[in-house]
Amino acid sequence: MTEATILQIVQIIFVLFAAPLLSGYIQMLRALLQNRRPAGLWQPYRDLWRLFHKESLVFTDASWLFSFTPYLIFAALLLAAGIIPILATGLPLAPAADIIALVGLFALARVFQVLAAMDTGTPFATLGAHREMLIAGLAEPALLAALFTASLLSRSTSLSMIVIHLEQLRFALHPSMVFAAAAFFMVLLAENARIPVDNPATHLELTMIHEAMLLEYSGRHLALMEWGSMIKLLLYLAIGVALFLPWGIAPVSNVVALLITVGILILKFVFAGLLLALVETLLAKLRLFRAPEFMATAFLLGVIGMLSYFMLGA
Amino acid sequence: MLENIHVALWGVAILKFLAALLLLLAFAMLAQRRLLTLINLLAWQGAVLAIGTGLIAFMTNQSELWFSAALTLGLKALLIPVVLRRLLRRLKVRGDVEAILNIPLTLLAGIVLVIFAFSLSQPLSNLSSTVTRGMVGIALAAVLLAFLMMITRRKAISQVVGFLAMDNGLFFTATSATLGMPMIVELGIALDALIGFVILGVFFFQMRDTFDSMDLQHLEKIREE
Amino acid sequence: MNPLPLNLALLALLLWLTLGIGGFALAGWSRIVSRLIFLVTALNGLLLTMAGFLALQSTPDLFKIGGPIPVFPWSFRLDPLSGFFLILLGLLAAAVSIFSGSYFQSLPVPALRRLMLQYHSFLVGMGLVLLADNAFTFLVAWEVMALASYFLVVTEHEEPGNQRAGFLYLLIAHLGALAILLGFTILAGPMILQGGAFSAMLHSTLSPFWASAAFLLTFFGFAAKAGLLPVHIWLPEAHPVAPAPVSALMSGAMLQMAFYGMLRVDFLFLHQEATWWGLFILIIGLASALFGVLFAAAQTDMKRLLAYSSMENMGLIMVALGLALVFHSYGLNALAALALMAALYHALNHAFFKGLLFLGSGSVLHATGTVSMSRLGGLIRSMPQTAFFMLIGVLAIAGLPPLNGFVSEWLLLQAFLLSPALPQGTLSAVLPLAASGVVLTLALSAYAIIKFYGIVFLGQAREILHPHESGIWERSAMALLALLCVTLGFIPGIVINLLHPVLHELIGQSLAPQTGIWLTPISAQRASYSPLLFILGMILALGLSVFLVSRFFGRPLRRVKVWSCGFPLHNSNMQDSPAGFTQPLLRIFAPVYQAQRAPAADPKQWVLQIGEPTYRLVYRPLGRAALWISGQMLRLQQGRITTYLLYSFLTLLILLAVWR
Amino acid sequence: MMIYLVLACTLLGIPLLAIWGSERWGAWLFIVINALTLLAILALSARVLQSGSFTAGDDQFMVDDLNMLLVLVDGVVGLGAAFYSRSYMVHEIIHWSLTPGRMRLYHAMFQTFLSTMLLALLTNNMGILWVALEGATLSTVLLVSLFHTAEGLEAAWKYFILCGVGLAMALFGTIMLYFAAQRTLGDGADALLWTHLDAIRHQLQPQIMAIAFIFILVGYGTKVGLVPLHNWLPDAHAGGPSSVSAVLSGLLLNVALYAVLRAKVLTDGALGTIFAGRLLMGFGLLSLLVASFTMLRQRDVKRLFAYSSIEHMGIATFAFGIGSPIAIFAGLLHMIGHSLTKSSVFFSVGLSVQSVGSREIQRIHGIMKINPFLGWAFMLGVLFILGMPPSSLFLSEFLIIISTLQSQPWLIPMLLLGMGVAFAAIFPRLQAMVFGSIPQNAIRTSTIGNIPAFIQLTLVVLLCVFIPLILVQWIQHAASLLQ
């Protein structure tokens, strides 16, 4: 039990500090692919550090929501980091929430971000807010459709259980899971404000969604937000990995197994990051009103996944 | 119910003749254009009715029928027609009655009605063993003809005449078909007829005050649209 | 047989009636009296709740008193099912009455008089609906409920709009009542002549045709009250015009009366269901939910928005109910229990958070004098506590963990994920799609409700209205409801254990008893959720991050003017208008909305008009047809006396001819 | 004995009113007379309750549960109308500048009408029944044209001619009845006594009885206002004073229907088929549908409620047509409830029209504000007419629907369509009239005039919430008379 608890804490801390590295890695890959000179793997750490030391400004009549939100988002993502089986399944926090609750958790974070944005009452923030709600609103069904496929397959909605079950029948190819994976990946792009749905790097008002909501933030608040989004990206990748490349996630056990797991995990992340970077380089940003079509495609894929589960029994 | 047949033989013959006469008069009224003649015909109907009632009174020697015969004569044959003529003069109503349906068609419809009435009353008259077989049919025919006349006339007075003619038909049914209704009932009927007639008179004057005319189209204002 | 709960409930209702009459009599004297009366009313609501709780444990008891005709008794009964809804009614009524005490104190005396009477008879009507044990009593109570609420809806009867709303409302309610009456008549058979005792309808063995007829009739009748497509039109009309506490009661409690009726009829009376009933309800429910949420997102009037969202929530409840019926019809009672639990739980949740939101909008109306979102904004600064309670309601209705809305959503989705157990292949394949439809609804409802909160409470004020924080009574009422939302969110296991008797009564089986902090409806492997652990982790992480950040980087905050990309001029009109916030949806779902632009009074402006498609598709044609027929009828009465004579002449001849 | 007392009270009133009707206390005299009549009626009904039905005046008069019930209603509504007419006419006299003569006429004719109603109900002789109904027509004709307006005159004329012709048909039917009975009962007065006819109803000639019934139905049906014989009804209601409209709807239609029912009993006995029932159902349904659809476009408030009377008479007729015990019970209850409620509605309508000065529905609004008592009387009355609980019309319609669903379920859609349309037609108009702002130059009418309405509505509520057992058995027994 204590071992499990330790493992739990280890996992959270791992996520916490690996997240900037991951996004640094992806930024580096994108730079290389677009043959620019990369800023280096550690750039995100430097950014966060600098932001934390800046003083953070709050607009005059900001409500408590505004300065409370960054912490809440951060906390929500930490909790999520504890729930998702990244290093190991069957962690003590795992049964606290299944995939549905997990999606709910992300939704909670998003809702607060939107509320905070609307609190500022600036045109860009509110614009970003309703765009974000729209994208999320369309993404959620797709996401759950993808996740449902997995949970139908493994007769459970608890991530650990899914992972364990999927791991047992490793290398048995599931057509349904292929579709689900595709759907999930598209949702991942949307939810983490990546091209083609959104562009984290831009500050061009007309196109931005996620960034628009952060405009009023500065200093440590901004740092928390940014860090949060890095963690979110990592978590999504972790979920994807857990669902679609489950093998190698050990049940709570000795340290050796753990190290192996970490090794495998890092390999998976490297691969996933590469994929992400490639996609982001090859695709172009969509117009906002194309995004629904994008989401619809994702939803469709998820649904086909479910149907094929029922039709092919796998 | 009718024990002394030898009286009945000719009595019934006359009764039937009177019935036919009634029907004929009804037809005549249907065909008639001029109001005054119409009223005369009404008076004749009243007379026929009175005679019929008297005849039955004589045949079945129900004493109170005599009374009702006298009542009929006084009311239907004399009083009402006279008053109506007076009204006509007092109210200066134009003599002619413009019918909605032209006369030949009306008569045709009337004939159809008579046939219908007979066919309707056929089983009844077979049922009844009394002298009155067939009377019901004629009475019904008279009533229906009067009804038809009310439908086809445009002047208020002619409608009243039709109404009274219908009353005659009913009265004939009451007396000759059933050989006399209970006295109180007949009294009541007569009373109502009288009051009704009085009220009509009142009406006519009101009408003349309001529209100074007896035409019905003044009385066709209230409608849904 | 335990007579206590029923007597308690009847006592409470009697007390309410007397309070109403007392209020009618005393309203003139002073505000205090009415205030006091409302407080007693609230306490009485708690009494009713207690009766409900007792009823959950005890075996039901019967109570008859002589009715209009000796064979037509007024008969009452209190079983767990009624008990559950009594709890709902009691708690909501308590909170709303606390609120009303101060909300109505500015009313002129005559209006207050009438209101006291109508308000209380509305409560009594709802209570009687739950206690009624024969068709006759039920229908009388049903109509009383409708009438009382009608009078409440038209309280401000000067505006013609309100009259229209009232008419639509009462008309549909009346038609619904007729349909219910027919349904009961079919169900009870000859027993209807004894007033149609519910005991006579139990497990009625009807031929499939008549069973389906009864089902459809009763469903239509109750749907008319529940505001499902397409008989929902009264709902968005009536809710906004009623005073806020009344809307809270209507939306929170009265709509659930329809749900109660469906449960009683579909599970207890119509014993052997056909599968398509469940599917039928499910489809209607899903359609209503999507329709409701789409139009909720498009509204610019706070209460209209909430009304449409009520429609959406009823739709979700119907989805759960339909799913339960489907499972039940295949004998999968365990799964039916799960779906039904979701429905019941959501009914409870909706009562509380929707009540909370309506009360809140009432406070906003009092503070600012308007509920039109395009004039509001930034209220969180002037009425922070109201804003806080509203936030809880908003998070709850958006179905976010760890609040109560999420629990029912979670249960519902779990139920959907069990559909592979169905023997019928295509059915089990299609149902998960419905699940994703539900998810879409929830996501969009989050969209709508965020708009609601963000536009009204956040951002800059769009007009200068000098709002003020709402009164202590109003706030405490909202606090109570918020507390209920939180509680239902945190300890679902306990609540579910409480509700077992209801499920037992309905389908003879219930979920496995929940243990400790865990919510595991089927099995721990299958799915588990622990709000307490969840919130604990949340608080821990939150505290940690706050502590560390402020410990190491805790420089004081600096207040500055809002930046907004450095635009020089920045005023409140530059933020999203309520219509603007919905613009993406309007664009995506344009065919559904059929929105039209119309020039506004200000030539520089446009107003966006969003009509009810059901008017265009259903009601206008119906109305035109009826008017056409009546036009034909009017021709009968065309004024010529000779024609009239002809009518009777022909009638006579035809009758004679036909008889021959 | 009691019967004579009742008839004496009401008949003696006529000359008194004809003499003193125009005095200031004439109205009070009117009230007192009807109060006495009601007392006599109560005594009579008490007698009937303990000793059952009996006849008097060598069988010329008869009381049984059925007509006693209606007599009782007549008494109540009559008194109500008398009381109402006092405060109502005060305004009308000024508005129409009615001469004393006209007032005498008004009171005398009103009283005549009321007494003919009682006579029609209490007599045992189908002939006298006819005479009384004819008398009722004649007396009300003058009431309808009381104001000497062109409209009133036309209405009265139509009323007179149509009902006159109708009653002529009824007379023919009555004669046929006599003709049929003659052969078993022999000549003379006995052959028209209902009790005797009822005793031998199985031996009456079927063919003749059928014709007789058709004529009686068409005849009295005209007075009941069955479509398509109804055309006089809205005009007459609109033309006359509201006090008269109230009794026309409340009493005359009931009594006419009563006559039809008496004939139906005999016909059923003679034919032993559902011939009569079929006819009643058909006419009832037709009236219900036509009337409710007509209301949908009605602009005149009095015509609106006149049509609603047609509709309700249609419902009741339909119920009697069904003929199952529960349906007949419901039909009777519906008749009673309707005459109590509808008369009170006409009371309110009259006062509303006075206070606004127009019969056009668009012009009438804000009654609730002009005079809350009037507003609530109006509101409740109409809601009760629409069959909202706790009105006895709810109960009766409830029973009618369920009995229909059990005997002929396929008529249910028609029935509901009619009721639904009627609701959709009346209710928005009610709202528009009761609610809203006060129109210009609206005057506040007397509050006392609303007392009868409230009393009658209370009775209606009692008839739904709690009918005393004794009354129930009474109605049930009355219904059994119509089997």
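By written order: A, B, C and D. Residues from 1 in each chain.
Just so we're on the same page, a residue touches a chain if its C-beta (ideal position, glycine included) is under 8 Å from a C-beta of that chain, and two chains touch if they have at least 3 such contacts.
If you're wondering where the values come from, they're calculated on a predicted model, not measured in any experiment.
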Leftover contact groups, counting everything except subunit C: A | B, D
Pair of chains ranked first by number of touching C-beta pairs: A-C
Chain whose Cα centroid lies at the greatest distance from that of subunit D: A
Interchain centroid distance [CA atoms averaged], subunit A/subunit C, Å: 36
Computed distance of Cα centres, subunit D from subunit A, in Å: 79
Intercentroid distance (Cα basis), subunit C paired with subunit B, Å: 70
Between subunit A and subunit B, centroid-to-centroid distance (C-alpha), Å: 102
Numbers and ranges of subunit C residues touching at least 2 other chains: 634, 636-637, 641, 645, 656
Contacts with two or more other chains, residues of subunit B listed in rising order: 120, 147, 150, 159, 219-222, 224
Shared-contact residues (touching 2 or more other chains) in subunit D: 157-158, 161, 165, 211, 294, 297
Chains touching one another, given as label pairs in label order: A-C, B-C, B-D, C-D
Of all residues in subunit B, those that touch subunit D in their complex: 1, 62, 120, 123-124, 127-128, 136, 140, 143, 147, 150, 156, 159, 163, 166-167, 170, 173-174, 177-185, 188-189, 191-192, 195-196, 199-200, 202-203, 206-207, 209-211, 218-222, 224
Residue numbers on subunit D that touch subunit C, as the complex places them: 157-158, 161-162, 165-166, 169, 210-211, 214-215, 217-218, 222, 227-229, 231-232, 234, 275, 279, 290, 293-297, 326, 368, 372, 383, 386, 388-390, 392, 394-395, 398, 401-402, 405-406, 412, 416, 419-421, 423-425, 427-428, 431-432, 435-437, 463-467, 469, 472
Residues of subunit A that touch subunit C when the two form their complex: 52-53, 55-65, 67, 71-72, 74-76, 78-79, 82, 93, 95-98, 100-101, 104-105, 107-108, 111, 114-115, 118-127, 129-131, 133-134, 136-138, 140-141, 144-145, 148, 151-152, 155-158, 161, 205, 215-216, 219-220, 224, 288-289, 292, 299, 302-303, 306-307, 310-311
Complex interface listing, subunit C residues touching subunit B: 634-642, 645-646, 649, 653, 656-657, 660
Residues of subunit C that touch subunit D when the two form their complex: 66-70, 72, 110, 136, 139-140, 143-144, 147, 154, 157-158, 160, 163-164, 166-167, 170-171, 174-175, 178, 181-182, 185-186, 190, 192-193, 626-627, 629-631, 633-634, 636-637, 641, 644-645, 647-648, 651-652, 655-656, 659
